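Read from first to last, the chains carry the letters A, B, C and D; within each, the first residue is number 1.
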Amino acid sequence: MPIRNGAEYIQSLRGRNLRVYLFGELVKEPVDHPLIRPSINAVAETYDVANRDHEIASAESSISGIRVNRFLHIAENTMDLVNQNKMQRKLGQLTATCFQRCVGMDALNSLYSTTFEIDAKYSTPYHKRLVEFIKMLQKENFMIGGAMTDVKGDRSLSPSQQEDPDMFVHVVKRDENSIYITGAKAHQTGCINSHWIIIMPTMRLRPEDKEYAIVGAIPTDAKGITYIYGRQSCDTRSMEEGDLDAGNAKFSGQEAMIILDNVFIPNELIFMQGEVEFASMLVERFTCYHRRSYVCKTGLGDVLIGAAAAIADYNGVANASHIKDKLVEMTHLNETIFAAGIASSYQAHKTASGNYQNDDMLANVCKHNVTRFPYEISRLAQDIAGGLMVTMPSEKDFRSLETGPLLEKYLKGRKGVSTENRVRILRLIENMTLGRNAVGYLTESMHGAGSPQAQRIQIARQMQLEYKKRLAKNVANVIEGEANDLTQEQSEYFDRVFAT
Amino acid sequence: MPIRNGAEYIQSLRGRNLRVYLFGELVKEPVDHPLIRPSINAVAETYDVANRDHEIASAESSISGIRVNRFLHIAENTMDLVNQNKMQRKLGQLTATCFQRCVGMDALNSLYSTTFEIDAKYSTPYHKRLVEFIKMLQKENFMIGGAMTDVKGDRSLSPSQQEDPDMFVHVVKRDENSIYITGAKAHQTGCINSHWIIIMPTMRLRPEDKEYAIVGAIPTDAKGITYIYGRQSCDTRSMEEGDLDAGNAKFSGQEAMIILDNVFIPNELIFMQGEVEFASMLVERFTCYHRRSYVCKTGLGDVLIGAAAAIADYNGVANASHIKDKLVEMTHLNETIFAAGIASSYQAHKTASGNYQNDDMLANVCKHNVTRFPYEISRLAQDIAGGLMVTMPSEKDFRSLETGPLLEKYLKGRKGVSTENRVRILRLIENMTLGRNAVGYLTESMHGAGSPQAQRIQIARQMQLEYKKRLAKNVANVIEGEANDLTQEQSEYFDRVFAT
Amino acid sequence: MPIRNGAEYIQSLRGRNLRVYLFGELVKEPVDHPLIRPSINAVAETYDVANRDHEIASAESSISGIRVNRFLHIAENTMDLVNQNKMQRKLGQLTATCFQRCVGMDALNSLYSTTFEIDAKYSTPYHKRLVEFIKMLQKENFMIGGAMTDVKGDRSLSPSQQEDPDMFVHVVKRDENSIYITGAKAHQTGCINSHWIIIMPTMRLRPEDKEYAIVGAIPTDAKGITYIYGRQSCDTRSMEEGDLDAGNAKFSGQEAMIILDNVFIPNELIFMQGEVEFASMLVERFTCYHRRSYVCKTGLGDVLIGAAAAIADYNGVANASHIKDKLVEMTHLNETIFAAGIASSYQAHKTASGNYQNDDMLANVCKHNVTRFPYEISRLAQDIAGGLMVTMPSEKDFRSLETGPLLEKYLKGRKGVSTENRVRILRLIENMTLGRNAVGYLTESMHGAGSPQAQRIQIARQMQLEYKKRLAKNVANVIEGEANDLTQEQSEYFDRVFAT
Amino acid sequence: MPIRNGAEYIQSLRGRNLRVYLFGELVKEPVDHPLIRPSINAVAETYDVANRDHEIASAESSISGIRVNRFLHIAENTMDLVNQNKMQRKLGQLTATCFQRCVGMDALNSLYSTTFEIDAKYSTPYHKRLVEFIKMLQKENFMIGGAMTDVKGDRSLSPSQQEDPDMFVHVVKRDENSIYITGAKAHQTGCINSHWIIIMPTMRLRPEDKEYAIVGAIPTDAKGITYIYGRQSCDTRSMEEGDLDAGNAKFSGQEAMIILDNVFIPNELIFMQGEVEFASMLVERFTCYHRRSYVCKTGLGDVLIGAAAAIADYNGVANASHIKDKLVEMTHLNETIFAAGIASSYQAHKTASGNYQNDDMLANVCKHNVTRFPYEISRLAQDIAGGLMVTMPSEKDFRSLETGPLLEKYLKGRKGVSTENRVRILRLIENMTLGRNAVGYLTESMHGAGSPQAQRIQIARQMQLEYKKRLAKNVANVIEGEANDLTQEQSEYFDRVFAT
């Protein structure tokens, strides 16, 4: 029976005997660990929203023939991509954190088209296998993670050149029906919260890297996997009594390192094996989807703008012109991100396999703004919040019989505002700009789906300087050899810009 | 017979006996005036592009039943709006200046829906009249201008409160079949190049401003109109011999002041008369279309990026990492503008009249970025260009037998590059960042369709702080009175964000 | 016997029976509390540096006739102010946090000149008392804190208008020889680490606020004082085993709320009482000194730039052009802050009392840049750091026999780099951009010595628009009434700019 | 008899028979050419200000023993450098353009110390010759220009590698008593307005570039020199009737190309000849002085801020909060530039020759901000100005009997403001942001004294990453080999930062 809602999803994670380390110790049951649980709650919300916001967060799949969670849906048209963005913003608004499901969605979609093209070249059976796998995921309504980032060792060497061959995940054993892989994947979002994980290569590969050109699905509780949980700023506040100091007690992101030691994958779950030249296609399509998926951060931005507006109101300065102006600026930046994300989705094109791929230039532009604007929005939120945000006493001081009344007396804002509510909003701003969810709102915005320089490289690849130089020479009346034929020179990005 | 191309358009402007003043004197034939002609050439290009780029720059109109220039087309669906943006970028690429037709297009579209709603309330015949007028324009393939900005006098007073009643255009005489209007419109783009001009109010009006609530069409050569041509930076270079120092000798924008003295409008060309409460609807819908029309500036940006890339190439520094990085930054900013523009078009909705209106928040975000990024793109272009851009001698010095050979010897760039071509590209960069077309690329980007503060006010109106505060309180677990019902609170902008 | 070094300073704090609350409980001995201790270490460094860097961090005082810690020195010439900045940068470099002594230094200096001017008007004995107090501080080598920021209650009401009179510190009892005060001071830097605290009003006062116009010194352990310790991001990491996860285990800042309940001040320690019109002079002179004291943040910036350079080196990307370029940008921003700070000190003038006051405009410019650039420097540091900074496991995982070897294997950087050292540098970057010292480097940079809007108001007051308008009219040949006499119009800021 | 004031200076330029080309023709008398004259007026102001503002703009020289114009003064102490900055700002305020004398001042000062060090090494007589030359300049009160920038040809080749040896100025003939040089210097500020020009190499030279390592003085009217005048945006407005459209009719900058054909220099005017290794010292010291000399732009900034404030006042919006906020931002940016400039001067050190050299890091920081902030100040000025700035008719239209009254009626601002004065201020803003003086305020701010990348290279050289890495490792408790000895590692920049 499929998972029907967030509660059932949480239940489904129990008792899996994952080997998860946190603070140097094995975690008995991650679902019940107070530091881990908020990250599970965030995923649970992706199940519940599919029930509540049917149109946005679910879709009819022509693969399984049923209505499925949109995170498991293969985009069958442009609007499917646009609706992904809408769902991402909505979930950002509801959780104010990373809800950890975009990687899986974007991995399935990029594999869908890539396996199709591998098969076309090599008559391999990957696409059909993948479709079967997706069908199963949709029917069970599983959560899936995508594992791409290898630990990389010495960055100047290719996978097969590394002193230690395990610096990139690779095949260590192989028989007729299966393979075994070893290596590690770093910064893995939501992995412990998933039912399945798809292993993928992290970059362009060369012929000698054949054993590293591997894509396959493994259950999260497969034998040979060790998870080491990452620390986040202020993470242990989730383990303290009370819910006030956490700022956002219910929701958080999750990153862990996955260490794979001789992990088994049967043939029917292998979707690439040795076709090195398709590694870069897969990576590029995945990052193209994923850089636009950072539209989620505009949902977080909405919450942070709301928190700034709320604290301005509590402080009695909501009508100060400079406060209003800062809220407008925050909104302007937030919507600039959103615009590029949905523009990328709207400018999608159909792949050979039949699913839809969003525009690459605009996806990179979207993500590149995400590496800048959330930092400025946070700065402005801290400006509006005032210094109290970082000098307030702990919840225990507020609850104490000794200090509680003193704080109640002295931390009053304008009339009619509860001191506790004022503190709650300030703690939320701290949570998003310095604390636990600053990891997701800021640092992940910087490095997730590729660091800023990765976007600049991709923008450079598509900026079509030859075409633009021709435009300039045309206007400046520069004659060099043959005439400036402008109609011939569009390609790639501008082809899509001017497509009708 | 309709105008079929740019050449015929130019021909159609001859012999109209317009009363145009420039440098204190009447201009005999604007078409032949070297300072004015480049602005006419830019409009001519809008005719030719409709022939060349059929899909982008023309459309089947259900009003006239024929294929029409898109600038005369009423948007019948979302893609019509998106295609407007594509046409705007294309023309920006081809002319590197303001081609002056967006005002008319946006005026017709905003009037289309506004007149429909006036009629619905007052049973007036405006919409039908407008449709007839549009049908005529489409059949003749006329160029139309929209005149909105009044001179305003004392900005703290409303139209009817001004000491001099003519500070806003108003009805001065009226009979059964017609009205007569007086006043002046400032900063009028492309007015002299138009066949018809639509007069519209410039802002929200009050009941006592009835005589100012007037919309009507007048032929450009109507009796009682005086045009005073505006100066642009470096405008007289168009009157010098040669084409080099102008930078962009063929194309420029045009702004003039229109002074109306008892100008006649027959009833069938009146589309609003006294319905003061609809003035703000018209203005808002017009600016909503028009702020997104500034996507045209990304076409200019493409040219300027191309010019910067070309000069870097000529200077032999195209591969310097800081040069490449600046070109990437220019592209990133340029595409950020584009993204918001087309996102606004894609997020359009249908009006009561049946035509389509783009998203207002994203249109304002687009325009607001236009008031910033072209300045930074220009700064980077000047950085790449080098100082020679503003210290080069005149074309006459290059052509002189005395100094020409010296300049040829000493201003050589890298081998194989013609000194003249190097100068041409530098003059183009000067043209776009300091000279004649800097007016269009920079100052008009700042103030056209409303100055930055106007966008901030509009963003403020739609930023839905109450909804966002509720989002923050939901996450921060702030309880105030009834529960935080998030589903109820979306409206306006977020309604469209989450529409499916 | 005076305190001679950091160790003796730490010793001097023991056994004072302060009433300090933290996590709802009384702290037995703050010196030994692991969460508090790093803030004491930072102050101790201010004692040690005076021994090591004699010229910078100490000075001959003409008050006591001995060489004193510069934090207790009254500036007797311009170079004394410049040397304050040098000392601040040095201590920022050594501690990478707020070392908490500038408030006291700036308070003593602003009181020095203000009391002199009060006495001149009212023949009061404040200045002489203050000099005696300073002499004692210098001889004992005490640490002094300045308490200015009241909790303020409803910000639209003045002190005497508040519903609860205690929202601002005020006199509640008075006899011939002393007064008693009640109220609370928020965000108090280094208060628990001080031997004495000077209470000062927080803003311009009106005649009816007489009881609030009070300046006086109290020992930190005076009867009636309660301290409630403020939480900082990641503060409890200081309480965990090990020193790795803290990032900067040795040093931190400190902020607490001071609650005063009928605290006694004898007449000889009162430096203002009721002279309401001097409150604003005191506040303005204090903030003028203090906004320039934020030069300390350039010392923190040096550390963060160093950390970014170190991690780039460890990651093997130190020579990538975009990395180098980001380090240059960070340096440029950091030195821009420094320049404005020392420029303000260099442009000092002598007060009536004989001490020196730095330039106000440039102090505000310095601080205003401090509310912006550290955020951008942090963003760039996070960019260079890479995502591992926020996804690394805990120190316990590195020390664990199970996971330690796995992490050692998989988190190797380039050859020859110790994994632990790589982690240490990443944790330092986390500490300064999200963690404990981000409070000092970012949020305190925003709000300390006044929030951004406070600087803008002060810049506005001194920007001399009338003089500048006259400059413009002179050049533009605008004649209005009498001639544009430029020599007469300089005042205030420009007087100092052009002083010789 | 020395030149005593601006009028005598102008007189001194007459009748020199310079070979100046402009628009392809020889200029008869540059002093009387309306396009050239404003640049001469700007220099004249440097003479008059020395009389009016004695302390700032003149100094007692220990070389000639008399009081001399500060532009001819060798800095004998730190305050001499600070006063240079004050003079530069003052002249910027008075002329709103480039007054063209800083190059000469900075050239003399850098030659002063460099020749001293050449002599010390080679026992050459350069320093003594230079002192004699300076003495003569001071006694006659001459204007001196410095010519550094060669045309450079192929930038990937050194001077001696160029196909055409004249791409860098070099010795072509030599006898016992003199040399003859050939080549060209580009972008020469104020050369035609000078009495003498000093020729200097433009970059680091290698042993094989010996003939290019030449420094010498030549009279402006020397045989063999051709000047080709550079075009500026809107330059011909200076040749139109009236003074209104020019915006700043009285003052402008000047750039020309100097072509040297066998120009004679006698031995006593040669200050370097073949000592290739000193070329880079000279260039570095010159740019160090000169990058800080861009403080002049803050004087232009004052005028532009004043113009923006004036037009806001004329438009009746001076009290709008967003207008005031923009004026504050403009001021903040302007003073940030000023602060770095004077900080660089204040942090000067004495050279071996005895004169003073300002701090290099801070000079580069100053100039680097100059490549950014004037662009933003201009953008904000255009924002405040409104669109009329680029759409206003010409002066002739205002003076015409036909159109004048119409414009007077319709371009009225708020009551009491003359339309002409409103236009004058708008034309001044146009002049400084797009027109003639935008060349000086923007493009020269970008490229003068080195383009942005040149500053970044220089900042990179001095940013002392090794020292900063050590600071970070010290705080992070990173142990690598020997201890982190912080005291040893300061050098260069930080030596000066912490000097006492």
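Convention: a contact is a pair of C-beta atoms (placed from the backbone, for glycine too) under 8 Å apart; a residue touches a chain by one contact, two chains touch by 3 or more.
All figures in this text were calculated on a predicted structure; none of them were measured in a lab.
In this assembly, A is the chain whose CA centroid lies farthest from the centroid of chain D. Rounded to whole angstrom, the centroid-to-centroid distance between chain C and chain D, based on C-alpha atoms, equals 39 Å.
Centre to centre, using the average C-alpha position, chain B and chain C are separated by 51 Å.
For chain D, the set of residues touching two or more other chains reads 322, 325, 456. Arrangement of the chains shown, judged by which pairs touch: all-to-all, with no pair of chains left without contact. Chain A meets chain C in the complex at residues 21-26, 151, 153-156, 164, 166-167, 184, 186-187, 226, 228-234, 236-237, 245, 255-257, 259, 315-317, 320, 322, 371-372, 375-376, 378-379, 382-383, 386-394, 396-397, 399-400, 402-403, 406-407, 409-415, 430, 434-435, 438-439, 442-444, 446-448, 451-453, 456. Against chain D, the residues of chain C that register as touching in their complex are 52-53, 55-56, 82-83, 86, 89-90, 93-96, 243, 247-251, 302-307, 309-310, 313, 324-325, 327-328, 331-332, 335-336, 338-340, 342-344, 346-347, 361-362, 365-366, 368-369, 418, 421, 424-425, 427-428, 456, 459-460, 463, 465, 467-480, 486-487, 497-498, 500.
The touching residues of chain B, counted against chain C in their complex, run 321-322, 325.
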